[in-house]
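Below you'll find a set of structures to go through.
In the two complexes below, chain A is the common chain; its partner is chain B in one and chain C in the other.
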Partner chain A sequence: MIETLIDIVLLTFLAVTAIVIVRIRSLFAVIMLAGIYSLASAGLFVVLDAVDVAFTEAVVGAGISTVLLLGTLALTGEQRKTTSRHGPLIPLAVVTLTGAVLVWGTWDMPLFGDPGAPAHQHVAPRYIQDSPNEVGVPNMVTSVLASYRGFDTLGEVTVIFTAGVGVLALLGFRRRKPRHPEREKP
Partner chain B sequence: MIKSDSKPRQVVRPVITRLLMPYILLFGLYVQFHGDFGPGGGFQAGVIFASGIILYALTFGVARARSLLPPDSLQPLAALGVLLYGAVGVASLFMDGHFLNYSVLSSDPVQGQHLGILLIELGVGITVTAVMVLVFFAFFGRDEEGEV
Partner chain C sequence: MILAGVSLGILVVMGLALLSAYLGPTVYDRILAVNMFGTKTVLFIAAYGFLTGRPDFLDIALSYALINFIGVIAALRYVERVYSVEKPGGGADDDTA
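What follows is the complex of A and B.
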């Protein structure tokens, strides 16, 4: 009961934040609202018992990416430029159609927490049955991510590393040696 | 933009940052090394640790944070984490196992799994922390570049 109430409050919060983000012009406010959106999502993940995902969402979504977007704002402008050449009807129709198709698609999906869902029938029973003896770490999520799917996680770390290299290649630091020695502070 | 040192009025932010920093970093370490038992792991720990450092940089200036963690040493660290992860895989390959099969790392398979998971999570944590802080420096180090 109380969980449903929290869900409703958080989802309403998400919807309201999303609508305000779409309508508001000041990009500074948009960034702040996006951080609030991430924080509300993190709350939803806690309700769903996915605490580690909630950690990530709260730190990356609400924290680091907000800071990075503010940094971007400092390098660019603060006002959104609207360059729409058509009225609001065509985008509204596209969004409504896409949303309707997505909702229609969810009708085929198993219900939340359904034990007969395909995701719970494939490899999950084996992990749950054998991981206490095979891997032995109490947190089964860690045993799946780090051991059974170690290859995936290696790929993810490589992606993060590559992303960092990409950012440094684009916005990277200049060489240590100053090009204008006279500009150095006394 | 982030020059709080020049304004003497700002008191709350430095005090709160000094108060929170140790706990954020400690929580990051807890999430890192307790990931086998509770929620969390290398990625979560890395971003928590990096957010603590970013908070420090936002309060006390990017220049001080850069002297604390120089980008020149962060760049090798970012690569070191991935290399540590890969090295664990290669080590298990050389010990007659499959790539990333940690069971062969120790005489007791479960002990080997524990060791392997600890090492690869450490690699993930190092890379994520280093990359997050580097990306932050790349964004925010720019306007300081003109002065330094």
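What follows is the complex of A and C.
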């Protein structure tokens, strides 16, 4: 009962924040609201028992993304520009159609938490039964990520590192000439 | 029961922070709202952990506070850099210094 209520409230927060992000003009407010969105979805992931996903969401969404987006905003403009040449009807139709197709696609999926779902039948029982002996890590998700899918995780880390290097190369390593000299004064 | 009430109360305060982030006329209102929302997320995760009988998530909730802190520091640095230029006599075109 209380869990359902918490789910509904958190999902309402997410929906309201997304609508506000679309509607608002100031990009700084958009970045702040994106941080709020990330924190709310992290709370939702905790409610769904996916603590590691929630942690990643909070670190990437609320921490690093905010910093990177603010750095981008410092290099570019502050206000959103309208570039749409047509009315809102065509995008609305495309989005509605895509959403309808996605909802239609979920009808074939097993129910949430269904123990007979294919995802819970394939290798998950072996992880649950053997990972405490084979790996010895108390948290099963950690043992899957760090041992069974170790090469996969290594590839992900490589991709993220490359992306970070790319972003730093775009922003520039060198110290720019001070744009605001009043801050350089002691 | 008390924990359920606490969770719901925290959710209400999160909604108020969301409202403040939406309505807040100045930049500082929004930064304060984000900071408050992050703090309330930490509190909510803590309360929810005790509500479901597994307070193991408490340390993770604490690390959220650190992440939130980093975000707020970045936002304030940005505000300090950009918004101080718009003051009269800020010396924005004195770019060769």
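Note that in this section the second predicted complex is superposed on the first by the 174 of 186 C-alpha atoms of A that agree within 3 Å, B and C clash if a C-alpha of one lies under 4 Å from a C-alpha of the other, contacts with A are read in each partner's own complex, and residues count from 1 in each chain.
Heads up, the rule we're going with is that a residue touches a chain if its C-beta (ideal position, glycine included) is under 8 Å from a C-beta of that chain, and two chains touch if they have at least 3 such contacts.
Predicted, not measured: the structure shown is a model, and the values here were computed from it.
Visitor: Have a look at where A:Gly150 lands relative to chain B and chain C in the superposition and call it first, second, both or neither.
Guide: first
Visitor: Quick one: classify A:Leu33 as touching chain B (first), chain C (second), both or neither.
Guide: Touch partner of A:Leu33: chain C, not chain B.
Visitor: Of the two partner chains, chain B (first) and chain C (second), which one does A:Ile24 touch, if any: first, second, both, or neither?
Guide: After superposing on A, A:Ile24 lies in contact with chain C but is clear of chain B.
Visitor: Of the partners chain B and chain C, which touch A:Gly43 in the superposed model: first, second, both, neither?
Guide: second
Visitor: Just checking: does A:Asp108 make contact with chain B only, chain C only, both, or neither of them? Give me first, second, both or neither.
Guide: Neither: A:Asp108 stays clear of chain B and chain C.
Visitor: Quick check for you: in the superposed arrangement, does A:Phe55 touch first (chain B), second (chain C), both or neither?
Guide: both
Visitor: Per the contact definition in the header, classify A:Phe13: touching chain B only (first), chain C only (second), both, or neither.
Guide: After superposing on A, A:Phe13 lies in contact with chain C but is clear of chain B.
Visitor: Is there a shared patch on chain A that both chain B and chain C touch, and which residues make it up?
Guide: 51, 55, 59, 63, 67, 71, 74, 184
Visitor: Under the stated contact criterion, what part of chain A meets chain C in this complex?
Guide: Those residues of chain A that touch chain C are 2-3, 5-6, 9-10, 13, 16-17, 20, 24, 28-29, 31-33, 35-36, 39-40, 42-43, 46-47, 51, 54-55, 58-59, 62-63, 66-67, 70-71, 73-74, 78, 177-184.
Visitor: Over in the complex, which chain B residues touch chain A? Could you list them?
Guide: The contact residues of chain B facing chain A are 1, 31, 35-41, 43-44, 47-48, 50-51, 54, 58, 71-72, 75, 78-79, 81-82, 85-86, 89, 99-100, 102-103, 109-110, 113-114, 116-117, 120-121, 123-124, 127-128, 130-132, 134-143, 145, 147-148.
Visitor: Mind pulling up the chain A residues that touch chain B in the complex?
Guide: Against chain B, the touching part of chain A is residues 51-52, 55-56, 59-60, 63-64, 67-68, 71-72, 74-75, 133-139, 141-143, 145-147, 150-151, 153-154, 156-158, 160-161, 163-165, 167-168, 171-174, 176, 184-185.
Visitor: Please give the residue numbers of chain C that touch chain A in the complex, ascending.
Guide: 4, 7-8, 11, 14-15, 17-18, 21-22, 24, 27, 30-31, 33-34, 37-38, 41, 44-45, 48, 51-52, 57, 60, 63-64, 67-68, 70-71, 74-75, 77-78, 80-82, 84-85, 90-92, 94-97
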